[in-house]
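Note that the chains are named A, B and C in the order they appear, and that numbering of residues resets to 1 at the start of each chain.
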């Protein structure tokens, strides 16, 4: 597995996939710089009249509803259809789904109209998308179920590969479940870390035949970079900078020495 | 006073208030990271169809007109009404008011329709809001009046607590006036420092019964962080990073040793 | 030439020109901080109802189509007309022109309706704007022509001074052509470097009578800052910070010792 991850990293640096992000305004700059650091090429564009043509140039599409508006939802639908028609991967990041009716409806629409390659969210977001209820009283499933249970039930219900991030990161489709235990708590102290990982997953999906391998590789690369960054600083401002620097300089040896990957179930 | 400030800081770190920011596109990332560094939780959302529900989850609302559009003004009004109904604090940051008719009208509408907990601006913005004219020829009051005079007259006219930032920061309601003399000139060399302080004031207001104490605490915490950051670097790029790091690590001792707070009038 | 550049830098720091940017959402923060670092004052505003009044306060206008929407294009046209009427410089940065019909039409409209002081783009963007075709099969001219040929042909066709950035930066009008060979490859590893240079060119144009001198000065200042920043770090995250710091601290000696400026043709 480690050799396959290293090969995908090499492919990104050589092929430089163009990642089209329709994402939230808070994280645009950080996402663009993170993709550059990895060796991919970012493009941000959300005008309805041009997203189809942007997709025509892109190698993957990432949809993130963090500061979604009615207009941008329409652009996402147009871009998503174009990406499906072209056959490039589409990653969906349902930021804050469940917090408002608008986001929940938007997420439902995206999931029903677009063929998604991957959904990336935290336990609460994934549970909400899958309609998991732990009890009759509607308590959030993420508070009573463990990670593997949530992601397994969710992939069954949603029929889409899922990356569920948290203290441990889980990657699953309907057949297989992996977990990655690298990373740093500092990832929760800065804005946009999860959003950046969604876009990085898009870059790995763009160069890989296997969805699960690509997502495992993306999580491995990103969380090992976070680990290295957290060895340089314990403060959130400097951590952002160190994370970008680490994303630009992870070596084969880093992956071989550090990766904590486990197959949890089949 | 120092002990009360320290207690509020502790409360923020424990209660982690959720601060809903409808703010300008330039400072969204910096504001979100600054709130995280403090220990609060940021959410940025401006779609009219969801802001009411976002407010339902929030502990304070911050309205900043830096890159205001007609649509976002409508969202601010909806969110402001919801915040008033729920009883959470609303901070208004009138960026650039007076520069255009659009901003001046927007500010008037926000002030007349929303019950504000605090207005945060510089002397020119506050003078404009309060309609202060120093002379018959309409010279900007901020050029001829001193800080205490401007803020006292403005709180009388506007009947809202005010935080007026500058070389010295003034905090006042109709009864009392404080000044804080901490800070660094580097705050004027980076974008979004004032905007971040407005959001940090929202976080302190969210955990305090007393408005004036909360705002004094916010200014104290923020300007002491700036002072510490400026001891690490004299350059603006690194200063942004150091400011975030300092916001995450101010100690009781920092507040006790450094705070330059003075009651100026009653 | 070096003394004239130094004099313009001094003028920016003293006159503090206000640069009105209607720019893309990815780079707003970096652009604002870069202008502050230089000593200029940034303002970002794109609401159609206020851009005319913003221009009334501004010393230069910068139009950047990186995340353009239909609405913001209208604001650009209004702002551009106001800037022309007032007689302040207008810089156009045609990000990604040629990638979509929407951007190409937008660029055509801006070029036909607004009197531009400068166009800043890479070789592909400039070639597209000028309609250069290297062969009958429509191969991108930037792949077969050298830099001096592209910029010379483009200034003839477009009749606007051009700054064409790349490994070497070219500055030309219909009479004269300069090249600057300073800079760093790290400029291509972070987002928004070119966009920031466009805004910095706006600042130099705001304080200069001579367009070509102003643009040569802007490129010299910016690329020498990049060179100094790249001496401090070889990583992209830290490079952004070092670039801002260098922009705030370039000295006379830096310009005299480092500038690689050459007159290529007349």
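Rule of thumb we're sticking to: a residue touches a chain if its C-beta (ideal position, glycine included) is under 8 Å from a C-beta of that chain, and two chains touch if they have at least 3 such contacts.
The structure displayed is predicted, hence computed values, not measured ones.
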Fraction-based call for chain B against chain A, same above half, different below: different
Superposing rotation of chain B relative to chain C, computed on C-alpha atoms, to nearest 5°: 120
Length of the line joining the C-alpha centres of chain A and chain B, rounded to whole Å: 34
Contacts with 2+ other chains: residues of chain B: 25, 29, 240-241
For the chain B and chain C complex, residues of the former touching the latter: 24-27, 29-30, 66-70, 96, 99-103, 189-192, 233, 235-238, 240-241
Chain B residues within the chain A interface of the complex: 25, 28-29, 32-33, 36-37, 42-47, 49-50, 53-54, 57, 240-245, 248-249
